[in-house]
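Pasting the structures here.
Okay, so chain A shows up in both of these, paired with chain B first and chain C after.
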Partner chain A sequence: MKRRRELFVGFLLILPALIVLGALYVYPLILSVYTSFTVEGKYGLANYAKAFDIYWRDIIYSVLISFITTVVTLIVSVVVSGYLRFKSWKFLELMYKLPLFIPFLIVGHAMRVFLAPHGTLNNLLTRILRIEELPGLSRSWIGLVWAFVWIMTPYATLIVLGAFRSLDSAYIEAAQNVGASKWKIVVDILIPMCRPSIMVAFILTFVRTISSLTIPIMVGPASPNMITVNMMFRVNYFNDWGTANALGVISYLIVMVFAIYYLRFMAAERGGIKA
Partner chain B sequence: MRRFSILKLTLKVVLVFIILLFVVGPFVGIAIWSFARVWYWPSPIPQEFTLRYWSEVFRQGRVLDSLVLSLKIALLTVGFSIAIAIPAAYAFARYGLPAERILLFLFLMPQAFPQLPVFINLARIFGKMGLRGNMWGIVMAHTMASLVFSLWIITATFKSIPLELEQAAQNLGASRWRVFWTITFPLGIPGVIAGAIHVFLWSMGEFNAAFFIGAPFIQTAPVLMYTASAGYNMQIASVIAIVLMIPSLLFMFVIERFLKAEYIAGIGG
Partner chain C sequence: MRRLCGAVLLIVATVLLAQLNIPIKVTLTMMVAGDQNMVDFFQYEIAPEFEKLYPNVKVKVVGTGPGDAGSQQIIQQLQLEKDSGKDKWAIDLVVIHEAGTIWGIERGLIRPYTDFLTTRRLVTMKTAEVALGVNVDGYVMPMFHSQTAIAYNPRFVKDPPKSYAELVEWVKKNPKKFGYNGIKGGMSGVSFVFGWVYWKSKNPDVLMNGPFDEKYMEDWPQIYAELKEFNKYVTLTAGNAGTLDALNRGEIWMGPVWVDMFYTWIREGRMDPNIRLILPEPGMPGQPMYFAIPTKAANADYALKLIEFVTSPAVHAKYIVDKFNWYPAIGVEYVTPHLGKEVFERLYRDIKEADLLKFGKRMPIADYRTRMLEAYERWVEK
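So, the complex of A and B:
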């Protein structure tokens, strides 16, 4: 009886938070799925047909960009984490965290200035290399990936480095005693033993990349676009909520494929789901 | 031996330069632009400098207005987010609620799942209720999406406070309410502050909700920055970008010791 009363009090305490989440998140989320299946009050798949018809290239493009970003981000964070696991270097420790809290939109603007044809980077490179002109990277897929990697690396590194550091030194010392190089230790011991954390970094980076609107509108090429940009155009210029929501649901599905893969992986890895 | 160390030093200097170019380089461009009056290629620096755009931040004008609006929204969001999160965090830390993991994960959803469609539909719902183009609509959206930061950080903080301290007070006859206000809450203040800072930073830089819900009547600083940058008004955009970046950089040093990867998973957006 006492336990039941306590549970009731506990439930009352979380109720305001649940109401906020339900009314302002769950309801619009359901509405987005519902709207994607309705055309002028009737149920149907017309919005999806239209979305695939106009944007099939952009859907593939979004997945590819997110995938490339994630792979590059993970390579950079493993290299940085591997270095910092063995050596302390205050400068690098500060540098990898610097972009952590910078809002995405500002990163977009800064990268646009930095990577423009006559931007800061080319200004410097043309002088060092003593050449006249270099192509600009902003408004190209390379610039887009560059901006994404810049903003995604800090927290991917935070996760990977955290895992590297919490790993028992005994494994590393044992490998060092038999003469393994540091590089070999990273590849053969640290990465395999920290696979769950690296997977978390992988999923989170991928999801944040494919759901970002601000960076693609600031640095992405005019065409093809990330699907988030298409959603914005559909709403702002065409007032076409059906197609916008169909694209939204497609982005949910892409993310869910990865999430399910992740849960399966975790289940296999640890014999159960554990966050 | 000596030559070897010189080689090593050179390598290190080159490495430092490359890291600086990659990490700090993007800031340099906008810092120069914020003072530029005329800047044509191929000059490495602007031909003419001006403080005009910076002074616009401190004088009456749309830049100041948008910054004040963003600040108001961020402070209100922090207030609501913390007020809702504290009781919930206490319940998660002390009442042994069923399905705790799943419930806590639900609050991460707005940050770890595509949020743009949700904000677009929220803007549509708010439109029917007259909350579109209204500051309170943005505050509500920001409170919802930032709950994960305050809730997760404060829950972890309350969990880290030893239960014995509370039991001791309870044994001496203090009510649960009194125990909370005299023991748990004061000890949890660092977590509350860390949560508040996360919420504040996120709200100040948030674009998606502010753009769709605020449109077309009100512009927060990030939305004005987007409009300026899209219209090639590089100076105004750069000034706002730098002003918005300062708290992010400052707080990064302040709360570095509170940093845990899972808390910051959604910062930015």
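So, the complex of A and C:
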């Protein structure tokens, strides 16, 4: 009896959170999956057919861009974290966090001007190298990845550095005693032992990249586009929520692949998820 | 204790007073699609003037952003009002694009009102009757007309191409120096693409006026294949503003722009004033912006007054034409007496009235419009 009452109180306590979750996440999710299967009131796969017909290249492109961004981001953040694990450098510590506090929109605009053919970067380079003109990076996939890496790195670094720092120093000191270089310690000790955290950083960066809209619109090339840009286009120009939602569901599925992998990985790592 | 009682009484009195419906005070809420200049126009120019005329009215302006996206947001908001089942809607007046107007009429979100509008008679263009091939007569009053044209920098382009055909030759000689924003970054690019299809199509008039029939789309694959080829020689810019930016930095030498935006930028010193405009043969589309009144607007009467105010010749001349560089929605002959000569010469410096009549095209009707955009995605971007 007492146990039941405790359960009831516990349930009441989490109820507000459940309601918020249901209203703001589960309900829209179901609605969007539902909408993606309806065309003018009838059920069917027409939206998906259209999404794949017109946007198959963009879907692949989105995954590739997100993947490249994530890999580059991880490399940069591991290097920065590795450095900061051994040496304290206040300036770097401050600088790498800076992009965290700048909104995507501002970054998008700044990158657009910075990387434009006659933008800040090229003006500087052409003057130093004394050449006429350089091609711009904005409106190309390299510029897009550049902007993404810039905005995603601090977040990933926070996670990775946190993991590196919380690792028991005894392991590192032991390695140092037998003469391992710092690089070797990062590769052979820090990275393997912090794998779960690096995986978290990987998945978060990937999800944040693939769902970003502002940066691809402002910095990305006119074609191909990220999925999000196409979703916006379907809604704004055609009032076509069906195909937009189909594209949304496709991106859920892509993200889901990683989420499942992550869960299974964590389960293996910790000997199964315990209740 | 006495203090507490006093405080409670005061609160009760305030609450009761707040419940009273004081009839003469009116907040006129309007939602405006379009760039920031449209919001500023109503907020800082029209609202103060209108509030002077009707001191009991307060005008509240909400901007929703440029392009059909802005209209889409307004339509969603009106749909919410409708779904709420309330008798009086919170939005009294909207300013929307053609596509938005059609969505609004289809769903019963806006109402016919122009029977009671005296300035409706001054409209000489067809835009008050037909939008994208749909009959909108009665539902809308145009606010202004905007036109796209090709801007070019005379420093690099001495003899600008006068037609689409000459432009195709020109880009081959000057690769990457012509820029437009594709179709996802704003309407100036969309308009350029529509102009391209009009130029190549065997039946441009059908595309603009209907009827809709897929048989008129037979030549499209070829048309778009040629556009894809053309795209190899051009730069794709980031949006309407992106084209202007790139022109200004000298990255591109030519590009399609909105005429009003172009002149406004020049006026604000954000654009090299030496850059000129040309409307190439066989023409590029323009579009009006519309005033519409939501079906159950609480203050429809004052909304009507405001529309009448903005579209009256004197106010129209002073603000729409002189200050914001838009082409007038009402007949030029009614506006001219209120305009200085230099204003006229500025607005019609490069593109003469005759050019506008001859080469200013309409947007394609809704069904073709959708298919033209999709065709671009399918055949040009892929």
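In this text, the second predicted complex is superposed on the first by the 249 of 275 C-alpha atoms of A that agree within 3 Å, B and C clash if a C-alpha of one lies under 4 Å from a C-alpha of the other, contacts with A are read in each partner's own complex, and residues count from 1 in each chain.
What we mean here is this: contacts are C-beta pairs under 8 Å (C-beta built on N, C-alpha and C of every residue); 3 or more make two chains touch, one makes a residue touch a chain.
Note that the structure is predicted; figures quoted are calculated from it, not measured.
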Overlay on chain A: chain C relative to chain B, clash or fit: clash
First, second, both or neither for A:N225, with chain B first and chain C second: second
More chain A residues in contact - chain B or chain C: B
Which superposed partner A:G136 touches (first chain B, second chain C, both, neither): second
Contacts of A:S181 with chain B and chain C, given as first, second, both or neither: neither
Touched partner set for A:R112, first chain B, second chain C, both or neither: both
Touching partner for A:I54 - first (chain B), second (chain C), both, neither: second
Touching partner for A:S169 - first (chain B), second (chain C), both, neither: neither
First, second, both or neither for A:N239, with chain B first and chain C second: second
Intersection of the chain A residues that touch chain B with those that touch chain C: 112, 118-119, 217-218, 232, 235
Sites on chain A touched by chain B in the complex: 6-7, 9-11, 13-14, 16-18, 20-21, 24-25, 27-29, 31-32, 35, 91-92, 95-114, 118-121, 123-124, 126-127, 150-151, 155, 158-159, 162, 204, 207-208, 210-214, 217-218, 228, 231-232, 235, 241, 244-245, 247-249, 251-252, 255, 275
Chain A-touching residues of chain B, taken from the complex the two chains share: 16, 19-30, 32-33, 41-42, 44, 84-85, 87-88, 90-92, 94-98, 101, 103, 105-107, 109-110, 112-122, 124-125, 140-141, 143-145, 147, 151, 201, 204-208, 212, 222, 225-226, 229-230, 234, 237-238, 241, 244-245, 248-249, 251-252, 256, 259, 261, 264-269
Residue ranges of chain A in contact with chain C within the complex: 53-55, 57, 112, 116-119, 136, 138-139, 217-219, 221-225, 229, 232-233, 235-239
Touching residues (chain side chain C, partner chain A) in the complex: 67-69, 72, 75, 99, 103, 181-185, 235-238, 242, 245-246, 249-251, 370, 373-374, 377-378, 380-382
